[in-house]
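Please find the structures below.
Next come two complexes, and both contain chain A; in the first it sits with chain B, in the second with chain C.
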Partner chain A sequence: MSLSDVLSPFSAWKNLFRDPVSIPDPLNDRPGAPRYRGFHQNDIEKCIGCGTCEAICQNAAIDMVVVAEIATKPGDSGLRPRIDYGRCCWCALCVDVCMTSSLSMSNEYKWVDHDPEVFRFTPGIDLKHWDSTELGYRRPEGHRLTGNERVVMGELAPEARADSFVEIVAGYDLEQAKLEADRCVSCGLCVATCPTHMAVPEYIATIRDGDYEQGVRLLYQTNPFSNVCGRVCTHRCETSCAARHEGDPIAIRWLKRHIIDQVPHDRVKQIAAEGRVNEPSDHRVAIIGAGPAGLTAAFDLAKAGHGVTVFEALPAPGGMMRYGIPEYRLPYDKLDEDVDVIRSMGVEIRCNTRIGEDISIDQLREQHDTVLLAIGLHQGRSTRIPGSEHEDVVSAVELLRRITFGERFDVPKTVAVIGGGNVAMDIARSLARMQRQQHGQVGVTLVALEAEDLMLADREEIDEAREEGVVIIPSRGPRQCLIERDAVTGLETVHCVSVFDEQGRFAPKYDDSDIQVHDAGLVVEAIGQAADHVFLGESLTEALEWERNRIRIDADGHTSESWLWAAGDAVEGPDVITAVAAGHRIAASMMLAFAQKSGRE
Partner chain B sequence: MTMQPLYQALKAGFPIGELTEQRPDLAFITVPREQLRGLLLHLRDQEGFTHLVLLTAVDWIEEDRFQLTYLLHDRKGARDIGLRVMLPRQAVIEGAPMESIHDLWPTAATYQRELREMFGIDFPDSPGVNEDFILEGWREIPPYRRDFDTLKYSNETFAPRPGRESQDPAQYMKAQLYPDGA
Partner chain C sequence: MAYQADRSQYPSRRPDGSLDIDLSSGKYLKLWQGPQHPGITGNMSVELTVCGDEVVEGKTHVGYLHRGFEKLMERRTFIQCFPIVCRICVPEPDFNEYCYAAAVEELAGLEVPERADWIRTLILEMGRINSYLMYLGGQAGALGQGVIGQWTTYVRDLMLDRFEELSGARIYHMFIMPGGVRDGLPDGFDQRMEETLREIESTLADVKDVMFNNAVFKKRTVGLGYIDPAIVDQYGVTGPTARAAGVAKDVRRDQPYLVYPQLDFEPVVGQDSDVFTRADVRRRDLLMSVDLIRQILARIPRSGAVMAPLPNVLHWKIPFGETYIRGECSRGEYGYYLVTDGSGYPRRVNVRGPSYTHAMALLERLIVNCNISDVAALMVSLHTYPPEIER
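For the complex of A and B:
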């Protein structure tokens, strides 16, 4: 035996003075690793109840349940995920796919209870001690199961589009559309926000499947204006898209356009006619105005076998879709396709027929069971500033109408546009194009009452107008139109400090020390439109109930007169898709009235 | 601390892939299958990586590959290195064998038995590799393979728990916000 063999047991004694490596209280003092996939946490304010966690769960461990604390609102179903720990395998796919990063996992992993029911719980609602734990599994930075960037839409560059009315947006090709459709998680949060509740997840799925005819079928279930809405819809659906929280919303509008672009027009007509009633009813409906509200109602009613005649004062159908929206945003032939499908349903459209001149409203009432007023807002409002009565101070809607008529009037080298909404952008960009054609240069100044970030026009309209050479000056109020020797020479504006008062009422405040003059041979007013109700005649105007200068309607679009309904911009606004929704509602309401009448007889 | 010096030393002797540094004390290298045994021996006997922490697999079904990860620990250096080997997935499913390393670390036999059961990757020479590991009486395809339909299996195998119900978000929103459809 060597000396070291004798001494070595004692050398271990030095360890007595070291800190122990064992854990003193192993049951309580042993945290999970920092990225441990432990019990779930859900930030209940961030969660939007889209159910994507439920959809991806491979063990069917997640249910979307109603919780008393959360109300359903646009973009939030109000549901929240409940997890069954009898099924969960802690794979964390639910965390990885979560569209808002509300769902995560703490590093807590001990939970003991005698009651098996407690292991089915709603994180964030059923409060747990690990709810605010910082450590645990989070989706790593940059790790996404769904693409967060929208497929870029091809558009004409400013220099290629600034002197022509050719359509700007190219539309997605097959590959681009599939990529964009692939980003959609089919949660359906958008459907409630769409005024006409289009079947968005279902029609996007047809792009992934390449089944475009089924796509058109789904579009026509809720909207006979997919060519139009696929181009110019205000796409409020995209504001409710689950993808917008951590990336770009799905390009729902462009995908709709892509579907309708893929199917030949004659085939679209066949699909739209599926389910059409072939035995004509004896009900006759007159519709005044061939805009989106009137024509949608006409489509539904004619498809159900009712006789529909649409009376249109202007030379062609479409209303503001044709006479308001410029061709570079919505080509006329695309609008014509949508209208042609509606005509093919048996709808008769009589253009150049103005009620009150060519036929009276009383005659319409006598010859039809019901009448729909869908006349739109075709009269421009005036600022009534000094000089605005001059003939070279015109309304935007009138000028846009003349451009659609094909009038090639001379545009002065300088123009001032008053207004900060989309109509103002439409006329400014149209006149800029004509100036470029006529003079080789743009001289349009647009003044808006609102500050830059509060302007009513869509951001892309403002940006594109600037790209095309329009000078946009926010926070300017019109003071007077300057006239020298009977000719308009400019517009005088004053700095607008604020548009609304503390109560939110329209009460612009000005700084009179800040006055500017904008050279202009033509001043265009684009500050709002009004309806022309003169044709109603005195007795009907008296009989109807009004709300300020709008005809009062109920939820079904019914006026106070039993034979008369009203829809569209003149009573509701503000966009095509709202008018489409109203058209459907009114057609259903009229058909209900027909059924009730038949039941009584 | 960095794994770069070790990586450069290994690269001088072996044709190996890129270094992925997860942490200063944890890195991964993808290596050719035929270099695996030599690298494991070198790391164990020359570089201090004496402990086999784990051997596991990933099913890259889209790329038709199985990935084996051999994670080794260097006690003295307090660092880990993972060697990744890619196998042709379809060939492995059809029975192409993988070399066992149980002679380098006896514990490897247990991992290899697990991989045989959960992924269907065969290590013919590994002791007891064909014995049941945890799935007694399993009749389906190996359950860690991505083409195994977990949801279908659990729906067919397990009774649904009473009292569960779920709402479709879009349908629920309709009922709450526009019940008459308009």
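For the complex of A and C:
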């Protein structure tokens, strides 16, 4: 210790003349740093209400609440996050995990109020002065908490698949499926969009857990056609998937297929039979048409103990799933597995039984309590252009049916297909395969009325058809089929300028100066299908209410006749999963009718 | 001169070796220092038995701040634990973030990008500076010298400004995340950091003049709270407290982590092992951190990823495993023991904070035969933060 130790502390006095460094809070206007994690902002238009913010919040500070201004729609739950600043810890995980990057934080950090309730608010709805603030915490670029890119599905290469009807899609292996299932954020937007409301997040979770039997159990709760839908579903669920906003949606369809592929068929049958009612009821149901709608209703009704007989005109059950969808998309043995499970519920399927020929509709009505019409759309529509009455101008559904029958008919070296939907792609690709088998080369030209980006077919169908050698020409309207010496030689088309008029009605406009001729020994029309209602008979046709050539049904699928229900493509369309949903609805409606009837007696 | 603990006179011992303190004799008095007391470090208290103004026995009492973090984490997913670990130590939260993140990364097999390691090192050194600045204010304040606290609070606030622009928050930064760090350095950060470091250096020069070259401070602290180097290992003493006793322990050098092997530094060591030496070791360690930050900013990669690709954190499962991650925080060795069981939640998290050993065992030993008025200074010199005792 020295003298300097006594004097040195006095050097503190020099600070007497310094300005204070403190800030007079809260009267200062010091802004938060540009990255400051302050009060929340939410871009209400971008937000889809997926609730991942709510799921990740470890303080339970976020509740998804109904907001009057927002309507629920596919891909948007209509809910918006409400934040409780009594719980929030400002960690910004909600911002990091936000699937649409709609949630962010402003650099505002002062908010004084005497009412504690106001600190629970819905950003973007309860407007605040910081809503438009540019600064504040945003999710940094590339900072992503919800996993990987979509796992690419293995497919046969174009050269390997172009001449065979072997299934193209390989299916995920265990590791791939786990990786893909890992991407799901379990928001459930898909459940709302799926016509039959499959428990998508739950069954995807069973893949992550490796509990495939539970997965099958969940699938069968809502859909007895998982083999089919796992391959050819139109997967509208994927269009509302939250992951779509960060890249590709979850491959929900492929994951469904993966689950059902992992469990042996016999075990699937056991699982599907769980909860089956074993005492038979005295109710008898007749179902006309063994397609997805009819068989789903049959499955539900038989499982509940009712006697079900399905009448099918064609030689095998499945309807359009068998006779419309080519084998390279849906192998028949996989369809057979789904049908087998339904049969094992006690459903009797009588094939080669055409109503009106083998048995009349009146007989059905007499022998059964209720009847379901699920006849599908098996008649092709014609363009009715000159030359279309020729025998080598055929409808796509008829040709697809013949291919399924196994007919080895000769395909000419050149074929023209009219139509831009998935049926057109199916027949074009099937004929291309047969041409390659018969002639070693492909000569299929597909003309569609719509422009390339408006074509109704799935994008991958169009791309894969091109890979297989099909020439696709969009924006062409058919003018006439050229016939020389009683043989079809080609198809003449004109340029289509627009398909719809200003009111959105179908009214194609053509540029007559732009004419093309496509060589074709066979012209296939794939412009839509119709139902064949002839078997109903005059009196029933008269009695039923109709709506634009379709039988009018109510929300339960009930027609105006108390004993008759109708479902499937013939009354609503447009795909397998909608038909499955209708099947469930009708089974429930019929069972309610049975219960009411029993109650009265 | 070392102040020797002496139990030869009083209180006397019973035949079984326990202390014979008869409160009814009127010779002893029970005195509670804390939990509401200016001379206590945070929310804890010391139960003193005094004889005159001399402490004959001291017992540490904790539990005033127990929030059950370790248990809370067992009910939170791995990503949800990330925002709560920082709360285990308020003045230097980043160490919790780092240890937790590193433990998760090791068990989940994540490869952290190099740039993230540099930024992590930078953040840890910034946090160390903050912690030391708070300590210096507390050490001087425990002896009634309030002005040091005012000065260090000022420069600490400047460092908090740097934290704010880097991480988006001043106290709980939540920036070191399992997988890396949230973002890179903002534009112009280096320059503002350099200004802050200069301000810290100039303030520390003042602190040296007013606090260390101060006859009163020396009179009060030299020789107080002597820790025998022989008991350093026995009592689990680490960090500056051990280094002030001449034991050159520093995890940064002994078991290097992050980018410390690439930095040039030597552990700061003292000799006398008293309160004064401990304060001085920390002051010099603080200046070393300033130097380390300069080294880091000179060499930090300016581009590249800062996060390893994470799986979907909403259902992130980590396989069976256990690990212990340690690092050198401002108070000593900080460690996280993490056990995972293949589920989406930690099976067990154990936080090893240096304050536990320092405040619970060491303090009770040092406090005997010390003057009541020195208790506060002695406690602060061990640099304990109760939240990490009661995690």
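General observations
Methods note: the second predicted complex is superposed on the first by the 573 of 601 C-alpha atoms of A that agree within 3 Å, B and C clash if a C-alpha of one lies under 4 Å from a C-alpha of the other, contacts with A are read in each partner's own complex, and residues count from 1 in each chain.
Basically, contacts are C-beta pairs under 8 Å (C-beta built on N, C-alpha and C of every residue); 3 or more make two chains touch, one makes a residue touch a chain.
Quick caveat, the model's predicted, so the values are computed rather than measured.
In the superposition on chain A, A:Q58 contacts both chain B and chain C. Judged by the touch definition given at the top, the superposed model places A:A205 against chain C, while chain B stays out of reach.
In the superposition on chain A, A:R120 contacts chain B only, with no contact to chain C. Once the two complexes are laid over each other on the shared chain, residue contacts for A:L27 go to neither chain B nor chain C. Chain A is touched at more residues by one of its partners, and among chain B and chain C that partner is C. After overlaying the two complexes on the shared chain, residue contacts for A:L16 are found with neither chain B nor chain C.
By the touch criterion stated above, A:R183 is placed in contact with chain C alone, chain B being left untouched. Contacts of A:V112 after superposition: neither chain B nor chain C is touched. In the superposed pair of complexes, A:A157 makes contact with neither chain B nor chain C.
In the superposed model, A:G78 makes contact with chain B only, not with chain C.
Overlap of the chain B and chain C interfaces on chain A comprises residues 58, 89. By the touch criterion stated above, chain C contacts chain A in their complex at residues 76-77, 79-84, 147, 154, 157, 161, 164-169, 172, 174, 182-183, 186, 206, 209-211, 213-216, 218-219, 305, 307, 309-315, 317. Contact residues of chain A toward chain B in the complex are 49-51, 54, 57-60, 62-66, 72, 74, 77-79, 84, 86-87, 89, 120, 187-189, 191-192, 197, 201, 555, 581, 584-585, 588. Those residues of chain A that touch chain C in the shared complex are 1, 4-6, 8-9, 11-12, 15, 21, 32-37, 52, 55-56, 58, 89-93, 96-97, 105, 137, 140, 142-148, 182-186, 205, 208.
Remark: chain B residues 150-151, 154-155, 158, 161, 164-174, 176-178, 181-182 touch chain A in the complex.
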